[in-house]
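Two complexes, one shared chain (chain A), two partners (chain B, chain C).
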Partner chain A sequence: MRLSRRTLLAATAAAAAQPAFRARAQDAGTIRIGVLNDQSGPYRDTGGLTSVICCKQAVSEFAAQGFKVDVIMADHQNKPDVGAGIARQWYDRDGVDMILDVPTSSVGLAVGAVAKEKNKAYINVGAATTDLTGKQCAPCIVHWSYDTYMLAKSTGGATVRSGGTSWYFVTADYVFGHQLQRDATHFVEAAGGKVLGSSAYPFPGTSDFSSFLLQAQASGAKVLGLCNAGADTVNSIKQAKEFGVNMRLAAMLMFITDVNALGLQTAQGLTLTESFYWDLNDRTRAFTNRVRPKTPNNWPNMIHAGCYAATLHFLKAVQALGVAEAKRSGTAIVERMKAMPTNDDCFGKAHIREDGLLIVPSYLFQVKTPAESHGKWDYYKTLSVTPADQAWRPLAEGGCYFVKS
Partner chain B sequence: MVTIFGKPLILLYGQLTLGLINGAFYALLSLGLAVIFGLLNIINFTHGALFMLGAFTTWALLNYAGIGYWPSLILAPIIIGALGLVIERVLIKRIAGLDHLYGLLLTFGLSLIIEGLMRNRFGSSGVPYEIPSVLQGATNLGFMVLPRYRAWVVVAAVVMCFFTWLLIEKTRLGATLRAATENAPLVQAFGVNVPRLVTLTYGGGVALAAFAGVLAAPMNSVNPNMGSNLIVVVFAVVVIGGMGSILGSILTGFGLGIIEGLTKVYYPEGSATVIFVVMALVLLLRPAGLFGRAT
Partner chain C sequence: MFAFTRAQAIAFAVMVALILVAPTVLYPVFLMKVLCFALFACAFNLLIGYVGLLSFGHAAFFGMGSYIAAWTAKNWGLSSELAILAGGGVGAILGVVTGWLAIRRQGIYFAMITLALSQMVYFFCVEASFTGGEDGIQQVPRSPLFGVIPMQSDMSLYWLVAVVFLAGFLLIHRIIHSPFGQVLKAIRENEPRATSLGYRTDTYKLVAFVLSAALAGVAGATKSQVFGIATLTDVHWSMSGEVVLMTLLGGIGTVFGPVLGALVFGSLETYLAQFGDWVTVTQGAIFVACVLAFRRGLIGELAGRLGLTL
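Now for the complex of A and B:
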């Protein structure tokens, strides 16, 4: 057999890299964070690389003493089996101590099951499902930034109060869409409104929504509730405008990144809910100015801010608990996170509740008109604020097994 | 109110019209694929990516050069068509005559690279593109509000399909093309430059994809994934119509658009699957496709 020089070099390099990586993975003095999200599909801009950048920002600002912090990332392609597979490999083989972000509720829950089985820390920021702190909760899980209940209460409640009493939902046909619709229905009916109908469309892979928009129009409802996210929301709104759908639009989940993709001309006047906006106060502006040079085309939304804040709080807890204990038990580290109040530039002072939910205020924003906007990404004005103690699902209603009632 | 299977007739009219509009897109995209497959024997998986590049070129022409929609309708297909010529000359030519699988892998890989590069540069949420001012607004047809732009899309697609069909089936150039498919060495012996003909055909097919991309830009979000969502459906259309059959692709495109539209009324969850159910049935009953010739 003849070996070319190139093959030989490649083989040597591979052999040299292998033990080095293993040794690093098992390094007792290193805390490894794995950012797992959509890096190539519809949720890439709402999470994606900007989440990784914000996580790394927290690591560099924290300046850990006595231990090293290492951040790795992967693309779960919005597929639960892919996500769970990576999580398993990370926890088992690659020495990952905490998995961060994980948008797409179906994937978020699948990774939650793995974290619970392995007793490893898992901070979900990107997924909306309330089950992470409810039926499928675990003592090693924290849920940051937002969930379907908080969105539905803020956007749904406000819309009914201002006259939008009859609704038609266009819903992404998977766990997130259905939960959002269920929660929104709850608040619409509680406020005296009615739901006249809904269409569930296949996710992912739908780009033409005109058919569902016409059905919504034909139902005679006043409000069109969009229970979807990302590019789907953008397409629905764009096409609703094109088809002259004369209903009020309630985008149940929408990020500033989506507003940017729509353009203010189309997005103006929409109401939506986030728990973070870069221009809220001096601290949020300071944070944004620090990360912006690293992600110039994609400014942080509440998921990105959550990845920053969650990483910061996690590292504080590791420091307090000691690296050895933090690496041993995900539950121990999460319990310490719950015991310490949070304080960061994005969400200010807050705390993590017994079931793992971060308790912060939610903001109802309205998208500015092109004339009101004075610069890049100057998109929101605040309509109302739901105080932290009222924004989230009451602890007793979640059905989390380890919460003492 | 008149109803059919519990749905008001008026709603069905609307859905049929929408199906026709989507069908126009399927027809236009599958037409390009069919032309390329029929004459080059290449399963062109880059088609979706080139469709997306067509839409992005339209956006770039407006934002970097101030060139509006109407000139883009001609310019973008020329630019992307030229890119197609380069792709054919540099890459596809080298695998001519090999098994289909090579062409499929090459073009699939190429589309992943193109989409990846575009995602890196533009992100996944896309860029906005406004409908040209002449075509803004909508007409009330009584049973539905038809946006003027969508009506234009159907007209443009039908005209484009008709001329492509005319070119290939009824002109001397088309006859030469078809002859070259049947027996390339013989046609070459008559003094026709077959390799150049093949390159130009690929460029033409790609230009059709880019043309569809320009039409799509104001309707859908212009994002790097817009092609990959569509391409699988379009392949199903080509298979159902009969690989390489021009007329088959056009008729099947419209037909399936309508079937999909109706599914969205009665069982929306199944609207992404129905086309593949039809495909499976057609392959079982007529393996060469509805309009294909058994070989």
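Now for the complex of A and C:
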């Protein structure tokens, strides 16, 4: 028994000697940014390490005067409890002043609740949900780059105006898919288009879209709207190509990084919406040339650009506000961010609305054919632009509690 | 009363001491998560370790417990303990239905039936409106204990979680060492012989299944109180896989194994997160190493070497 007791004691000692994850020294002169996203799962290319690189790019370009800036990162593995746990620990113990990116709506909203509770700044770039600036808004939250309303309005409405007047939807049968379809239908009809029909497929787990695609083909509609995301979108595009579906494909949620993964041969002709494209103008090209050497295989999409621009604007606000006040209150920083107009290479001049939404134009792009593409990542041609003041959900419709109507 | 062996009594004292001391060193929210998973793994271990039934559908009980607790706390304003009990109750009801169907088969068929039924629960949660679909139930308030004691601070909630965990742990230990538990072990070793001795083995298995499901529901409900969310992650089949891993890692059929397994698993998930895309690779490598080097699990191996029952 003596042996066992001693061993147990040793085991206890070993357990107690585990790396003690104590609070890092919370240096008063340091602003710490935490990039929290998916780095190992399905969204590793749409966000992932490139988001971290773009954030660091902004930090190095800003060259803060009078305070240090430190960037840390973590992989939330698309689990809300992991994300919320890390966010709590970062805000409480690790002296993180702002959390950035956070794709996947469930994780994005969970981190939003933590930020609100702790009164810390939170800039979401990666999640699509409109609730971040609507029902679950908070005065310390900013939502950058895109949301489902803006995507549906551009892809739905602008496609009709550019000739795609009749639609058929293939929809993932869950809340998110139906919401996309409802929004898109609204904008298609508002623009004078017609919806001829729709098919809902079981989600998740469907990998064979053939019967839905053939129904769509048989409807005689001009446009096939894909109300799904991620791997489902990629699979349905591939299969539409294989079946020779000669409709215009409109993806409701897709990024240039997905187009790159599909290849132009498969993706050509597809329409989609982003708020940033690297080849839009001189400033976007200049930005892309600066970060490209650091991420040669994954060029920036609107999420990456958003991480850059949001970090830059955040640091400007911190500088204007003073570090001590910035560390004290996330709401104070975000109010300052809303008060200052934004100006960066990715999105140009814009502003953040009262409910926390960045107001920029949205672009309807069509993917080029292999013959039209002249270089690496030369993938998009612009079909139409929705001006900033029309691109987003009207302020009064969001239902954000602190917006004065 | 709890029929601890001397080694177990010491180990239990050490565990309680660690639970008391840990929040001064480690982050309380992380510890609460580990305790929730530890209770979940202990509940699972009750079934695999002492009845020999490998359920691959425990995520359904865990996840539904979490949803119900979150929903009742948010919409009905139930106090913490009632929300947690509601979660446990739903776990038990689901356990009755699942168990009643599943215990008629054994081995892989049992695992497949539980997996199939839990997938049905998963798809129900994807579709049902009260779960919030992909977004889950968010911003669940930390409701006061008994309606009066505030639970806003992490430390007060930590003590509640610790008490829930210890109560669940002791209950499981009591079950295992009761005459009822002896029958369960007899069924595990040789079911036909248990039948020939006059035991209605199906009834015993069902009761064990329901107990395990109820405790899994309590664990899920407690977790939803800790994080203020209930999402699809909790009902997804990968959660059923994770609890198998935790139990395997710690040691199947040991009382303390699942607790250590949950601690190791939770630490990997949380503290590897900062290494970006290496998180899954590292997790995988550690599991391979554990399975190769510690076939009986960490606690199982330790107990085996020392000739103890832990």
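Note that the second predicted complex is superposed on the first by the 310 of 405 C-alpha atoms of A that agree within 3 Å, B and C clash if a C-alpha of one lies under 4 Å from a C-alpha of the other, contacts with A are read in each partner's own complex, and residues count from 1 in each chain.
Heads up, the rule we're going with is that a residue touches a chain if its C-beta (ideal position, glycine included) is under 8 Å from a C-beta of that chain, and two chains touch if they have at least 3 such contacts.
None of the values given here were measured: they were computed from a predicted structure.
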{"item": "Which superposed partner A:Asp81 touches (first chain B, second chain C, both, neither)", "value": "second"}
{"item": "First (chain B), second (chain C), both or neither touched by A:Ser210", "value": "first"}
{"item": "Touching partner for A:Asp97 - first (chain B), second (chain C), both, neither", "value": "neither"}
{"item": "Partner chain in contact with A:Ala218 - chain B first, chain C second, else both or neither", "value": "first"}
{"item": "Which superposed partner A:Gly48 touches (first chain B, second chain C, both, neither)", "value": "both"}
{"item": "Partner chain(s) touched by A:Gln89 [first = chain B, second = chain C, both, neither]", "value": "second"}
{"item": "Partner chain(s) touched by A:Asp147 [first = chain B, second = chain C, both, neither]", "value": "neither"}
{"item": "Partner chain(s) touched by A:Leu109 [first = chain B, second = chain C, both, neither]", "value": "second"}
{"item": "Touched partner set for A:Ser40, first chain B, second chain C, both or neither", "value": "both"}
{"item": "Footprint overlap on chain A, where chain B in one structure and chain C in the other make contact", "value": "40, 44, 48, 173, 202, 204"}
{"item": "In the complex, chain A residues that touch chain B", "value": "40-46, 48, 173, 199-202, 204-208, 210-212, 214-215, 217-218, 230-231, 234-235, 238-239, 242-244, 257-258, 260-263, 265-266, 297-298"}
{"item": "Parts of chain C lying in touch with chain A, wherever the complex brings them together", "value": "6-7, 10-11, 14, 17-18, 21, 25-27, 29-30, 33, 123, 126-127, 129, 132-136, 138-139, 154, 223, 227-229, 231-234, 269-280, 302, 306, 308"}
{"item": "Residues of chain A that touch chain C when the two form their complex", "value": "1, 3-5, 7-8, 11-12, 15-16, 20-22, 39-40, 44, 48-49, 52, 72-82, 84-86, 88-89, 92-93, 105-106, 109-110, 112-113, 129, 131, 136, 173-176, 202-204"}
{"item": "Chain A-facing residues of chain B, complex", "value": "8, 10-11, 14-15, 18, 21-22, 116, 119, 123-128, 130-131, 138, 144-145, 147, 149-150, 219-221, 223, 225-226, 229-230, 261, 264-265, 268-273"}
